[in-house]
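Quick heads-up: structures coming right below.
What follows is a pair of complexes built around chain A, which joins chain B in one and chain C in the other.
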Partner chain A sequence: MFEARLLRSSILKKVLEAIKDLLTQATFDCDDNGIQLQAMDNSHVSLVSLTLRSDGFDKYRCDRNISMGMNLGSMSKILKCAGDKDTVTIKAQDNADTVTFVFESPNQEKVSDYEMKLMNLDLEHLGIPETEYSCTIRLPSAEFARICRDLSQFGESMVISCTKEGVKFSATGDIGSANIKLAQTASIDKEEEAVVIEMEEPVTLTFACQYLNYFTKATSLSPQVQLSMSADVPLVVEYRIPDIGHIRYYLAPKIEEEDS
Partner chain B sequence: MDIDTYKSNLNTVKELILDENKIVTYVSLSKDLCIHVNDAKSLLHQIVQDIRKDRPSTKLYVCYIISGLQGNNCGITTVCTEDDVEKIKKSLKLVFYDHVYCVSRGLQAADNAVLSSLNRFEDLSLCTGLIKSDICTKRTENELGSLISKKRTPIVEPKTPSIQHKKSNEKVKEIVKSSIENFAKLSSVKPEPKIKSEPEKDVQNNPKTPPKNKNNKTPPKSSNNKPAGKGIAGFFNKSNGVSSKVKSSEPKSQTPVENVKIKDEPLHSNSNLTSVEESPAKKSKEVTNHNKSLTLIKKNAKVDKKRKRVLHVSDSESDTEANDPFANEMDVDHESEDEIPPTPTINTVKITSGIVNPKKRRKIVDKTYTDEEGYILTKKEEVYESCSDNEENTKENDNEAKENGVKEKNVKKFESSKNTSGNRDQVKQTVINEISPKQNKKKKVSPTQKGNQKTINSFFKKL
Partner chain C sequence: MTTRTKKKSGANVTPPSPLKKRVENSWILLAKDSLLENSSFSIISLPHPVHGKPAKYCLDDEHNKIYEIITFDEPHRSWFIGETVKSDGSIQMVTPVNPLFLVLPRLKEQCSSRAIPLEDLLSEKGYDKILDFIPSFDSVADLKGPADMKAYKYNEEKTMTWLEDRVRRLSKVLRQKNIHVTSGATSATFVTSNISNDNIDEEFFLKYACGMVSEYLQEDMAETLEKRFNFKPDLIETIGNKRKSEVENKEPSKRIKSEATDLDSKENGFVPNSSFNEVKKEKALTAKEKARQKAASGTKTISAFFKKK
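Here is the complex of A and B:
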């Protein structure tokens, strides 16, 4: 028996919003530690890793490890039926082929449950090595979303260049070129609004704007986003979900071939 | 109108009346044959005479429309049966005009519903030379339906002396719209008992006077009048307010057999537009607008120029062809190289053949050709053009403007489609030329694009 109860359905709703554009279906792996999801997009350019710790739930019970393959579109439709302040409970029997979402209004006057069929999905878990990244940039998530949105108008790709002066986002296209430079914040009044750069060595990588824009769907989950880069490894875009976990996006860079 | 056209029109109308047993009004005639309303009136008159002469045994039901000034200086416009013409004229102090309103074979044309459905508001704008008031509005179907069943008395409208003078000189064209409006107003405000009873009284009391139209001598008159008059009266009153099919502008045509409309309107003679109460400016605007629309239609005719048809009013045949946009394109391809694009002329008239298909318009277009010897020949040819409902439904001015807009668009579309089909290669090339430099630029300019997108699998291995 699996049962996980969240006091606010809004967190789960935001999580779904953050991944449903990138993934159509995914497997939620539930164990004693919590719920984890790892999946690549269809083109295998990006990877999503979601962790919701068990201690972040109001009530969490997982008698046996269970993997629930879900259609994220269907799941999103169900979660849209929940109010933001509703309590959501995810229930599944061991070896069951369905999962049930129960939404309870704050005053308990309204209780609704939705049952969704589970899917058998091929598990393709990738081993993500622990990496010491050359650059780590923390900036307001809204700022990052704005940068991605603005630069995607100029070209399909964005160059993120981190130096000791700061971080530069640039794009070039038919209409011209765009450069956005962020310097490290001098005085940190509010940690959430700060731009913090930790750099061991300069890194410049090129990424597809489209995917970055998908990642920014998670902006509402966290006020800050952390970008981790090293040469010739995927970019990590991490949103920490307060009190419960995080969602990490991995994006493979575009690498210029030596021949050209 | 040359003699040939006149004769063919005459035959067409005869066929409509005698063979198809249709009710023909001068409005429908003007619209279907694409002729001036005045020509339509005289055509109807001629037909009545001809039929009665050639086929005395054939019973014709003829309605007249009469406008004049009553003893109390109130203007009145009424549609009546042949029998009542003289009585009504006698009762009038001054007759502005009277002419044939509609003709049908052996039918009692007094059926309001039939008349109202025959002369649709949308068609009024297609009648050349018809004067329509801006105030005219279209009545709803419900309104018409309910009106038909009600019997109402005729309404009289007071006329101003100034109007009378002007009107007195002119015949023929009536302005329906204003009369209709007035009608509505009067019905609620100034119903006069005298007038209401007018038709009946006239019939009984007035000795018959020689009608203008000598042609009108038909038997079924008296019997027809009663039912028609009541039904029509009712119809008229309501219709004055708002009619679904017929808009105020030319509602005269819709009308009722017996009754009376009161007018403030100006009469206009055959060639001169004498505006009476309504500002002449408005009329002139209407006329110019109309001309503009005609010109545009002519332009559009270019699109359809391949379609050459003999002027013939038929019920169904041409629909498919005329409505088929591809057919037009095909035709264009077949067009002789010698042909010079049709010259828009003022003579071009748009016709909506209500008989055939209300969404189709037949136009007469002047086309210029060069013959083998190098002479330039100009021929008048008819072309069909489909028009949308939207165009028809809008008010006259709006109509014209919209029609123009829509047609221009159509022409543009057509031209563009022509281009794409005919010069595809060129278009493609130009497109490529336009795009390729950009793409090249992209590749050159943005180093970003150079990179190959790697996949996650190349970095992370499966467990």
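Here is the complex of A and C:
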């Protein structure tokens, strides 16, 4: 028997919004410690890793480890049926082929439950090595979303270059080029609005704008986003979800082709 | 098919067991002697390069060769094996096949717009087993990135040049072996001193060879290949009809073959439905997914960095 109860459905709704454009289906692995999701997008260039710790739930029970393959489009449709203030409970029997979502309104007057068929998905877990990154940049998530949106108008790929002066995002395309420089905030009044750069070595990498735009769908989950980069390894974009876990996106850098 | 079976030296590998049950579970396989010297050869299922359905292939790791297994079956036929009768009268034949043909559809599908490391490209559905049998991808693809990563990008021009070379080589063999390639019927055993293949136009051989090679290619590639040779239209008509009638003759045996492989694959725990689902899924590519694939071009695959658990 698996049962997980969240007081506010909005967290789950936002998580789904954050992944459903990138992934069509994914496996939720549930165990004693919480719910984990790891999946690559169809083109196999990015990886999503989601962790929701059991202590973040109002009630959490997982008798046996269970993996639930879900169609994220369908799951998102179901979660749209829940009000923001509703309590959501995810339930599944051991070895079940369906999962049930129960939504309860705050005054308990309305209870709705939705049953969804599970899918058998090929499990392909990747081991992500612990990496010491040369650069870590923390910035307000809305700022990052804005940068990605603005730069994607200029070109398909974005160069992120981190030096001791700060971090520079740039894109070049048919209409011209765009550069956005961010320097470390001098005085930290509000932690949420700060730009913090930790750098050991300067790094410059190129990424597909489109994918960064997909990642910024998670903006509403967290006021801050952390970018970690090292030469020739994937970029990590991490959103911490307050009190319950995090969502990490990994994106492989673009290959520099000689002829382009 | 008949032309190629001639090259084989026949050897019967059925275990001569008096037990009826064992006879029922056996099959008749014609194989080259060299294959039998290798006691550890294995038989695997791979998607057929043309229609994608599972077909059987035999791996000979000692001679580093891959053979395809072809089933020839006619109705109303059985085998006598020792004292018993085996009701299934089909013959399985192993014929060598260039492994590049088997991976070509996958390479074309996945690596047209970006380079993918071979290990990732050939990691599923049994392809990993044939990776070592392929000497080089250079004739059909371009190496991108560092050499040790072996990331290749499909190159149509190279592939077509390679296929053209295959066809020309095959047409030479056809001429040497005196294979009958023109329309109309002649007796295979009728030998005259003055009529030989020498006075037959080169193009007939090329056309015939092109047809044989096309049996391992997807339709669009076969068409492109045919265009490269620029065959005369009248030639296509006469020979084309011949090929077609041959295909029609082959039809029943092919169907039986696919049924047989389906049965086999069920035993191996392979559920055919899943492959159908996949085909369905690929068809339903939305505009959004296409945009994503486009955006992904030029990016390395993530599995190049993170190893599978």
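By definition in this document, the second predicted complex is superposed on the first by the 256 of 260 C-alpha atoms of A that agree within 3 Å, B and C clash if a C-alpha of one lies under 4 Å from a C-alpha of the other, contacts with A are read in each partner's own complex, and residues count from 1 in each chain.
As a convention for this text, a contact is a pair of C-beta atoms (placed from the backbone, for glycine too) under 8 Å apart; a residue touches a chain by one contact, two chains touch by 3 or more.
Keep in mind the model is a prediction, meaning the values are calculated, not measured.
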Could you tell me whether chain B and chain C fit or clash when both sit on chain A in the superposition?
clash
Check the residue A:G127 against both partner chains and state whether it touches chain B (first), chain C (second), both, or neither.
both
Please indicate which partner A:E156 is in contact with in the superposed arrangement: first for chain B, second for chain C, both, or neither.
both
When the two structures are overlaid on chain A, which partner does A:T172 contact: first (chain B), second (chain C), both, or neither?
first
Taking the superposition as given, does A:N42 touch the first partner, chain B, the second, chain C, both, or neither?
second
So, A:S187: does it touch chain B (first), chain C (second), both, or neither?
neither
Taking the superposition as given, does A:K254 touch the first partner, chain B, the second, chain C, both, or neither?
both
Quick check on the superposed pair: does A:Q108 touch chain B, chain C, both, or neither? Answer first, second, both or neither.
neither
By the touch definition at the top of the document, which applies to A:N95: first (chain B), second (chain C), both, or neither?
neither
On chain A, the residue positions that both chain B and chain C contact, one per complex:
40, 43-47, 124-129, 156-157, 208, 233-234, 250, 252-255, 257
Chain C partner, complex, touching residues on chain A are 21-22, 40-47, 124-129, 156-157, 207-211, 214, 233-234, 250-255, 257
The answer for chain C against chain A in the complex is residues 114-115, 120, 144-145, 151, 288-289, 291-296, 298-309
Interface residues, chain A side, partner chain B - complex
40, 43-47, 124-129, 155-159, 171-174, 177, 206, 208, 233-234, 250, 252-257, 260
Can you list the residues on chain B that touch chain A in the complex?
438, 441-442, 445-463
